[in-house]
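One chain, chain A, links the two complexes that follow: it is found with chain B in the first and with chain C in the second.
For the complex of A and B:
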């Protein structure tokens, strides 16, 4: 599969939020401490955003809304990624674009 | 099968936009806890419930309905339900808790008001103008709806001349102290949780309690509002022995509550795992958030009692 990097997605997500997915080093601490053991969140999702893979975000809708926003991953993150706010930004994006709940 | 998240988020957002709360509750139920307390109306300092505690029995009613719907063919009609809910407040018909179900939550609010009075704090109450803050819809990413609502809430506080609010639960504290300043221009409001106020004032105590409590920190208090020491200081002063579970303080584990509106089964599984950690250190659990309280109580069933921190503080401070 060919993936074209599309910066529109990260620009759009970052406009109204403290979105800083680029600070993620993909180290996996977030996945290791997650009480729900959500392996995908947040590091791989952030890669999808950085690559502009909007359709992959839509496929992961349930995962994105399952996150507890409890912040344990953020507390443990060595990269200072605003994980909870980033996940909230993904929900906002899905609400206003793909999922359409809050409209 | 969970209900379609789009429609559940839509119903909650529509309710906040059209009716001022994710789950509109009758005014009489919202302010009933203060009926016999003769709290002055308004003032520069007010106790602010944000309806969070009062909403819990209604949310529980709705979640039970969701669980039933999610497993039935009726789940297919959720989009129609959202459309109808815009014109008729369907959620009010779906969740009608009895007075008996609401009483323990009203007790928490009355206990907190009593604690503040015994600590010598002068405060009023906004009664029907004590509005929901939009915490749940904020978590779900409905930013525009919440921003509009935040301006309405702040305007109401300004109209009453409120300078300081004393909050009860972590979610209302977080919205008013951390989230609203990002959305409302020229926001100027001092926000303190009652636990912070009581710890600072040194709540006068009348009796010494005994027993062991497993302390469950709220994620929002611990990690977003830096409230970890105050509950420990206050509980230690009562004589109760605090037992710290695996994952406590800033590294506390979530009760699962935030997943409940969309995925109740996932929320329950998380709460059950947390109950195991708490049960391993003490026979009784103490919480400081109504969402944590209800989720852990539900997961523990008869195996472990959970109470709000205000219960113990009230027992120790009342003569």
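For the complex of A and C:
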């Protein structure tokens, strides 16, 4: 299935919550150091946001809320991405956005 | 004659590199009684200062008139030991280097006895050659303090100005009607956004103000003759047939630049409106204000990298400048039109060195980078609304197939060698497999070619940025100065000579010579071949074709080569 790249999501998150994952180079250090061994967070999640894969984000609601916001990944991020801020932004988006209304 | 020679033979251990597999003492035992040998010794490192001094002492005290060192490859240390001979007052061409490391110890680690026997034969051959050696003097040529620069782009202009600065007279030949080359058409260029047109205007002005630079536009180099330091160049000015001008120069700097890769019809959608090459996009960016295409504002741009570069079976090299250029272009777009969406479809980003910062900045500004696999290029189609749809499999999202809809698609095209057969033929320049001109040595002699006095600068040698082109242009300037500022040059005397008594001028040698070094001379009522020593490279190609055996190569005469063969074939005691 082809995904149409859509900038609406990152625009919205960026405007409302200063979501910024531009510096993420998808290296995977964040996933490697996660104490909960959450594989998805945050690198692939951010990629889904950047590409506008909104439905994928909704499917990942459970994972997004299981993060402890401990910040170990952010400490280790070579790109200096504000990972915890970004996760908070995603939670806010899921809480308020109509698409996530299923929850 | 051989009994009268006084030859010193030195056999090197090379700290074990040789002596681990070659029995050095046995080699010395087998050669010390060869005719003409008066000293035969071993050394741990013959090239060490201490041993060099011992050899000098031997040459002086024993009045040696010949010298053989059996050690490593001649390419490594011939000059070292020629210098030892010079310092001792011995003519350096009375020296022979024998290679018993690469050719014996390193090649035959499984057979010590065999390696030792081979070393003995090689050293005997070296002694045999030295028995027949003669003192030779370098060929001295006077050089003309003038340089011809071919190509008036950023490299040629900078080279011309640099040459003029150090006091050489310069002739600058440009094929087009205007100076400036490719950089002369560019707006802001990376890394600092300097305007290409302004840079060229500044250089052109500086060149124009120098009284010792003569510029020819709509001009081409059509003929070159002469020899090292004294070339006669013919320049055709004003197209065909045009005016032909003769110029005497000591060196030639070739700075003919590159061509931009032209995609084939249909390659990544090339031909569809809105699909642009990198140079076409750069022209579009030269417009003022917010970016428009065909009068409509541009809202999104996709870039596909490595178009025409890193293609197996095609142009296999990386074109170096294109990643940084396209990333810099995307920043220029973001500067004027921050809301334009930019998608970069790449195989790897190669914004090397400080240009990495441009890449970071472009991501910070919202450019999205999507990596596709080698051999899986994006597909491009035109949408009914006139926009473009680019489909690509994104490796960073586990192979997700993505579709991007954009107003423009920039094919980030690379550099290809300029089609320039005529010039290549005139200068006999060596062209590499990739089609660019070849240097002698990529690290140590990066702007010299195998044609003495002909130097290469800029992207005619291979893909380069503007600043890299200027760097190589200045290297060509300093190399020209090294050749021309002394006023004369010394060339290797290992060249062909003709015995006019034997020569009956059949012309076979002239045909065999790849360097046009052989001419004809009237002497004592007959025609004979004559070798121009400054042009001859000592390749020996003329020697075996001479039916009269009238040609000999200095340092490698027929007599010497026959004696070496006899030395090689001599029995070695087991």
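The definition used in the following text is that the second predicted complex is superposed on the first by the 97 of 103 C-alpha atoms of A that agree within 3 Å, B and C clash if a C-alpha of one lies under 4 Å from a C-alpha of the other, contacts with A are read in each partner's own complex, and residues count from 1 in each chain.
Here, contacts are C-beta pairs under 8 Å (C-beta built on N, C-alpha and C of every residue); 3 or more make two chains touch, one makes a residue touch a chain.
The shown structure was predicted, so the numbers you read here are calculated from the model rather than taken from an experiment.
**Q** Between chain B and chain C, positioned on chain A by superposition, is the outcome a clash or a fit?
**A** On the shared chain A, the partners fit.
**Q** Looking at chain A, does chain B or chain C touch a larger number of its residues?
**A** Of chain B and chain C, more residues of chain A lie in contact with B.
**Q** Tell me which partner A:47 touches in the superposition: chain B (first), chain C (second), both or neither.
**A** So A:47 only meets chain C here.
**Q** Considering only touches as defined above, state whether A:7 meets chain B (first), chain C (second), both or neither.
**A** second
**Q** Just to be sure I read the superposition right, which of the two partners does A:22 touch: chain B = first, chain C = second, or both, or neither?
**A** second
**Q** Applying the touch criterion given at the start, work out whether A:71 contacts chain B, chain C, both or neither, answering first, second, both or neither.
**A** first
**Q** Looking at the overlay, does A:82 come into contact with chain B only (first), chain C only (second), both, or neither?
**A** A:82 contacts neither chain B nor chain C.
**Q** Taking CA centres after the superposition, what's the angle at chain A between the directions to chain B and chain C, given in steps of 10 degrees?
**A** Seen from the centre of chain A, the opening angle is 130 degrees.
**Q** Would you give the minimum C-alpha distance from chain B to chain C, in Å, for the three-chain superposition?
**A** 22
**Q** Is there a shared patch on chain A that both chain B and chain C touch, and which residues make it up?
**A** Of chain A, no residue contacts chain B in one complex and chain C in the other.
**Q** Would you tell me which residues of chain A are touching chain B in their complex?
**A** It comes out as residues 16, 35-36, 61-62, 65-66, 68-72, 74-75, 88-95, 99-103.
**Q** Would you pull the chain C residues touching chain A in the complex into a rising list?
**A** Residues 341, 343, 360, 363-368, 391, 394, 396-398, 400-405.
**Q** Going by the contact rule set out above, which residues of chain A touch chain C in the complex?
**A** Those residues of chain A that touch chain C are 1-5, 7, 10, 20, 22-23, 26, 44, 47-48, 50-51, 53.
**Q** Given the complex with chain A, which residues does chain B contribute to the contact?
**A** Touch list, chain B to chain A: 2, 5-10, 13, 137-145, 219, 223-224, 250-254, 256-259, 262-263, 266, 270, 273-274.
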